[in-house]
Amino acid sequence: ACGGGDKEETNGNNDNKNGDTAELEGSVVIDGSGTVYPFMAKMAENYMTNEQEGVSVEVSRAGTSAGFKKFLAQDGTDFNDASRQIKDEEKAEAEKLKIDVQEMKVALDGLTFVINKDNDWAKELTQQEIIDIFLAEKGKKKWSDVRPDFPAEEIKTYGPNENHGTYEFMFENILEEKALPEAINLQQDYSTLVDLVSKDKNAIAFFGYGYYESNKDKLAAVKVDFGKGPVEPTLDTIAEDGEYAPFTRPVFTYLNVNHAKEKPEVLDYAIYTMENAQDVAKETGFAPLSDEDKQASLEALNGLK
Amino acid sequence: MKGVFILAKAVAEEKNKLNVRKMIEEKKNSASLGNFTEKFIPGTLFAIAAISVLTTIGIVVTLLSETIMFFREVPFLDFFTGTKLKPLGEDAVFGVLPLLTGTIISSAIAMLVAIPIGVMTAVFLSEYASEKLRRTVKPLLEILAGIPTIVYGFFAFTFVTPLLRSIIPGLEPTNILSPGIVMGIMIIPMVASLSEDAMSAVPNSMREGALALGATKLEVAWKVVVPAAISGIIASFVLGISRAIGETMIVTIASGSSKNFTFDITQSMQTMTAYIVEVTGGEAAAGTTLYYSLYAVAMTLFVFTLIMNLVAQYISRKFREEY
Amino acid sequence: MKYVDAQQVQKKMASRLLANNVAKGLFLLATLFGLVVLVILIYRVVAQSIGWLDADFLMNKLSTAPERAGIMGAIMGTLWLMLVVAPVTMILGVGTAIYLEEYAKKGKLQSFIQTNISNLAGVPSVVFGILGLTVFVRALDLGSVVLAGGLTMALLVLPVVVVASQEAIRAVPQFLREASYGMGATKWQTIKNVVLPASIPGILTGVILALSRAIGETAPLVVIGIPALLIPLPEGILDRFTILPVQIYYWTIDSALVAEYANLAAATIVVLLIVLFLMNSIAIIIRNKFQKRY
Amino acid sequence: MAATSENERKTLNIKSKREGSGTVGAPKNIVYNTKDLNLWYGEGHALKNINLEIYENEVTAIIGPSGCGKSTYIKTLNRMVEMVPTVRISGEILYRNRNILDKNFKVEDLRTRVGMVFQKPNPFPKSIYENIAYGPKIHGIRSKKVLDEIVEKSLRGAAIWDEVKDRLNQNAYGLSGGQQQRLCIARCLAIEPDVILMDEPTSALDPISTLKVEELVQELKNDFSIIIVTHNMQQAARISDKTAFFLNGEVVEYEDTDIIFSNPSDKRTEDYITGRFG
Amino acid sequence: MAATSENERKTLNIKSKREGSGTVGAPKNIVYNTKDLNLWYGEGHALKNINLEIYENEVTAIIGPSGCGKSTYIKTLNRMVEMVPTVRISGEILYRNRNILDKNFKVEDLRTRVGMVFQKPNPFPKSIYENIAYGPKIHGIRSKKVLDEIVEKSLRGAAIWDEVKDRLNQNAYGLSGGQQQRLCIARCLAIEPDVILMDEPTSALDPISTLKVEELVQELKNDFSIIIVTHNMQQAARISDKTAFFLNGEVVEYEDTDIIFSNPSDKRTEDYITGRFG
């Protein structure tokens, strides 16, 4: 189930905890980020096929913010995947409901701007140009408004809707809370976004790197010039301190600690997730988190036992 | 044969075993349970029958109570006249018009497909086709009617949309046209079969009357049979519209979720039903305006279809009185 | 004075006959249109499912990897759902039909219930989804489990069973009831021993048609909240579950991400259509076999 | 067979009608006593002031033109007429001295004691065996052995045993019309009724089947009281002891069959039996 | 009315049957000439070797017992019989010397020239006006003025104008049965046919309406050739010039009505008209 350099260490931990033979039962309910969904779905599948067949792990993808609403509720979900950090209001709500929340950083994602394969002009844009396209106040309605030598065709902007952490990351961190264009087409499902962009020559959309990576045949990613020349988002460039750093963000899953204490399978799954995060990240289009981050999370989790 | 009975009786009496009357009397005296069942059953059955009524009440009450909550937060007029729908985020706005136009336009497209084709099919089957042909075609059309809507959704998404996009250049990847057409196809059997029933109910003597005047079959069909069956045919349209308004999966899959207030059928639009799926599928945390909006939209949808159904019932009841 | 000019009529005749023939052709085309679409649709899904629909696909659990994914979970979920829907609609539907046909006095109450049932039949399925979400999932706190989905679906298809059962009960000739009453049978004995056995084929046909409707419904269950990824097989009516049409739904929208998902969706559609076809065939066989026995 | 005091007279009664039944001195028990019976279907006055006494162990025939109320009357005797929702009844019908029109009288009880055979044979769509066992079963008899005996006895009683004994488990609808009708009579016998009502039991049958049923009726009257509606005057003359002639909902004449057919006192009776109308 | 050569004779023909129509010397034109006509419904042989010549400006009655093929024959004359899918026909029917059974013969053409009135009045569920205007309209007459005139003329021709002139826009189903039948006749007249076929046109009507229709038929024969099927022998005798007696799909006798009813040559005809069967 696990691999890489952490092999001995993890195995040791496992033995200590439940022993390899301990059969767990029950269910783990996960909702939240659509960005993290492929990572978590893969993780869940691995867990159920290789680790604990008796445990049912159920993964949905309502979006980070929508997920938090289900997470921060009586009998809420066990985990909430998030493509942004938990907000203060959400923390306050958790406190009110007496839900202890454990943040688990699981991987790194690069906010990727994708265009149609047939778009041969916007393959490289500067950081500012991209931001301007998505700012209502700049009024970039046509591609030619961005650069005069671009075609005089309408820019079609797309993105995930407000249920999503990606939207909020864009809105809060990149656009500094300034309004997006009125005409932007916001969608609930990433699959819809991929589909739309792949069929619209004038489209530009933003979402997590993973969705770009698994659809490279349909989409192109904009190389972003952060001042030192165009950088293509790749697993390397979005890694910690990579060249794509300004658009890189950590992605998380949040654990309901109360549940973890009541249900051994929840805690077991949390530990499994951290132990295998780096591998699954690479398979699903994320940059792996650092060993320190991983150890920190694992320690916290082991402390819950 | 005479005497057989008496013999049998004699044998029975001899053994003195079989006295049915006495047995029945005995059983009757001990059978108070039967009496109880007899009294108990009608009440139970009534309670069961009442469940269908309770279901309706349940629908109305759940929708209504949360809808009232919704209108506490969003003024009634704003909802029904608002052209902007932005249910998420800080600056949420709830105008239902984008959904209404989406619903009406998709239904209109569907009926534009279903009405002509459905009626023409009905005319063909009732006026032109031989009995044998009719008996083969009708079940085939019923198959079409029995295909789950999710399959039509898949068909719209993976076949009809790409096909249309290769014909109509400006067509967006998700648009209202493709699901509208596919919904129309789905409704054809309904219109065809109900209209055909109405036309078959027109007495043959009327056809004979017209034919005897030298009318062609077309003239008989168009000027005698269709007018005579018109209320039944219209009832089929109304039911078809009701079906289109309530159809969910085809639009959810194929028309995207843009909440633009537009009349451009090449664009993506959202219907009321697709909105309900989107909101419940994403976030439906109780108590938020977004959550209540779900019920307000569902209520609107419910009222729409209810009116359509009542109209259809009224029309077809009137139709039945005609002959 | 002559108004109808024979020559004039003669001249028009040709164009009228032409119009008739053109119209006939047009009407035939319209009739064929539906059938052609049916053929295309079936051809498309079957063609797309080839290479994907095999024993493994039927037996495997769900997976994010297309080549390993199977629909055992959806099949089991569908079966469990039917195990709830079938008895519930049967009891409710047949009970309602008996009440309306045998017990209710012809009057306001009876016609009210009748009207209510026909209106219920026209309520969009997604609205039933909201009812199920509000009442079964939330208020009764069942969660998105088989029981909640099954009850929702049972209410949704109830009108189909009621109407079919009513027709079947109405078709039982009065003289059979008279024969039973004449033996001193009570009303319930007559219904139980004579009316129901005689109408059972019609009722069964209705139930099967209702189930085949339930098997294909998607919207109410999506609304009730079936997860996108649920690998374990449901083992009871209180387990979370997924069903074939919902699986088709998620694979269809995710086909933008993983193209092969479209093939999985197509393969699942083929399975669903085969199941529906079998159910309808059984219904038709029952109907034909037991038609007109008196 | 309910009353016990009548066994002694039974042997006396075994004599053909030709010997002059109904005029014998021994007083007969009254099974049904109808007093001032009136019946309306909605506004239609179907029975008018009926007064009739029907005797034990006799065949009583009811004749009259179509629509005169024969079926209505006979169906009133087991209250089957109440299945028509618009029916209103006044008057009294005493069955064994209890008024069956009384609200407290249980119809199921009545119908257990009063069997009925209908114009059109109406077997249940079940096996022959189940048809006969139906009555005993609903009245609580479950023992397979007892049921077997009842079935055989009833089928023998209805003179159809030999024809069906090898196919008891086959569907009753496989029988011919005449066999079906005798099966229906057997079904009646299975609950050992006191009275058997027959509403034109042979009108749907061919002459040979009719003859068989008529013979059967003759035999049955040894054990049961039989009231039979018939259109066929020859039939009434052949098999009945008493005949009531109905016209427009009224009893025109009620007499020994011999007298009715040889010497009717009412002109209308005479006109009817001589075929002048009806 | 198509042929032009006959106008001169029309005046001659205006005389009552009592004066002895059909025996006058002037040779009449043949409208329909049926030669060796055979017709089967599936396996049932409904018309057998029919040979009949039907003359212009006469009323030809077809009589015979139920099921003898009267309706079948008259419906063959405008090929309406083909609406039954199992029909097979052999032989010839010459209408104005053209064989209407010929594949190339257009039925619409035929039916424009040959009107038909049915047993049961069958107006369209439209206004009275639209009922009459239907025929002219489908034949291409659009002018409102012309249509108005046609409607009035036809309704007058069918002797119903006075009764309906104030309610032309009301639904035809508001009329009485007799009025509906005359409306159907008027509808026929509106396309100015050559021949009018009538299949028991009065059998659904009360005696007074019947009388009116009979009078109408008498008048119409001045302008049209009329073939009328009737069950009512008095009617045939009253209004027809020639009568054909059908039996079991065959023509037993075809003669002047006077002769048929006073001196039939076939025994079966005599039996039928004297009411001995049928």
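So that you can tell them apart, the chains are marked A, B, C, D and E in the order they are listed, and the count of residues begins at 1 in each.
One rule holds in what follows: a residue touches a chain if its C-beta (ideal position, glycine included) is under 8 Å from a C-beta of that chain, and two chains touch if they have at least 3 such contacts.
Every value quoted in this text rests on a predicted model; they were computed, and no experiment measured them.
K.L.:
If you tally the C-beta contacts, which comes out ahead, B-C or C-D?
P.N.:
More contacting C-beta pairs are found at B-C.
K.L.:
Comparing centres built from CA atoms, which chain ends up most distant from chain D?
P.N.:
Using the mean of the C-alpha atoms as each chain's centre, the farthest one from chain D is A.
K.L.:
Approximately how many whole Å separate the CA-defined centres of chain A and chain B?
P.N.:
Measuring from centre to centre gives 42 Å for this pair.
K.L.:
Mind checking the centre-to-centre distance between chain D and chain E? Centres are C-alpha means, answer in whole Å.
P.N.:
Centre separation, chain D to chain E: 55 Å.
K.L.:
Could you give the separation in Å between the centres of chain B and chain E, each centre being the mean of its C-alpha atoms?
P.N.:
49
K.L.:
If you average the CA atoms of chain B and of chain D, how far apart do the two points sit, in angstrom?
P.N.:
52
K.L.:
Any chance you could list the residues of chain C touching two or more other chains?
P.N.:
Touching at least two other chains: 16-17, 186, 189, 253, 255.
K.L.:
Could you list which residues of chain E touch at least two other chains?
P.N.:
Residues 108-109, 112-113, 138-139, 191 of chain E each touch two or more of the other chains.
K.L.:
Which parts of chain B, given as residue numbers and ranges, touch two or more other chains?
P.N.:
34, 216, 219, 281
K.L.:
Report the complete set of touching chain pairs.
P.N.:
So, checking each combination of chains, I get A-B, A-C, B-C, B-D, B-E, C-D, C-E as the touching pairs.
K.L.:
Would you pull the chain E residues touching chain B in the complex into a rising list?
P.N.:
78, 80, 83, 85, 108-116, 118, 120, 122-126, 134-135, 137-139, 184, 187-188, 191, 197
K.L.:
Enumerate the contact residues on chain C facing chain E in the complex.
P.N.:
Touching chain E from chain C are residues 1-4, 6, 8-10, 12-13, 16-17.
K.L.:
Please name which positions on chain A make contact with chain B in the complex.
P.N.:
62-63, 65-66, 69-70, 73, 161-163, 185-188, 192, 195-196, 198-200
K.L.:
Quick one: which bits of chain B touch chain D in the complex? Just the residue numbers, please.
P.N.:
Touch list, chain B to chain D: 1-2, 4-6, 8-9, 12, 17-21, 23-24, 27-28, 30-31, 34.
K.L.:
Across the complex, what residues on chain B touch chain C?
P.N.:
Touching chain C: residues 34, 37-38, 41-42, 44-46, 48-53, 55-56, 58-59, 62-63, 66, 116-117, 120-121, 123-125, 128-129, 137, 140-141, 143-144, 146-151, 153-155, 157-159, 185, 188-189, 192, 216-219, 239, 242, 245-249, 252-253, 273, 276-277, 280-281, 284, 286, 294-295, 298, 301-302, 305-306, 308-310, 312-313 of chain B.
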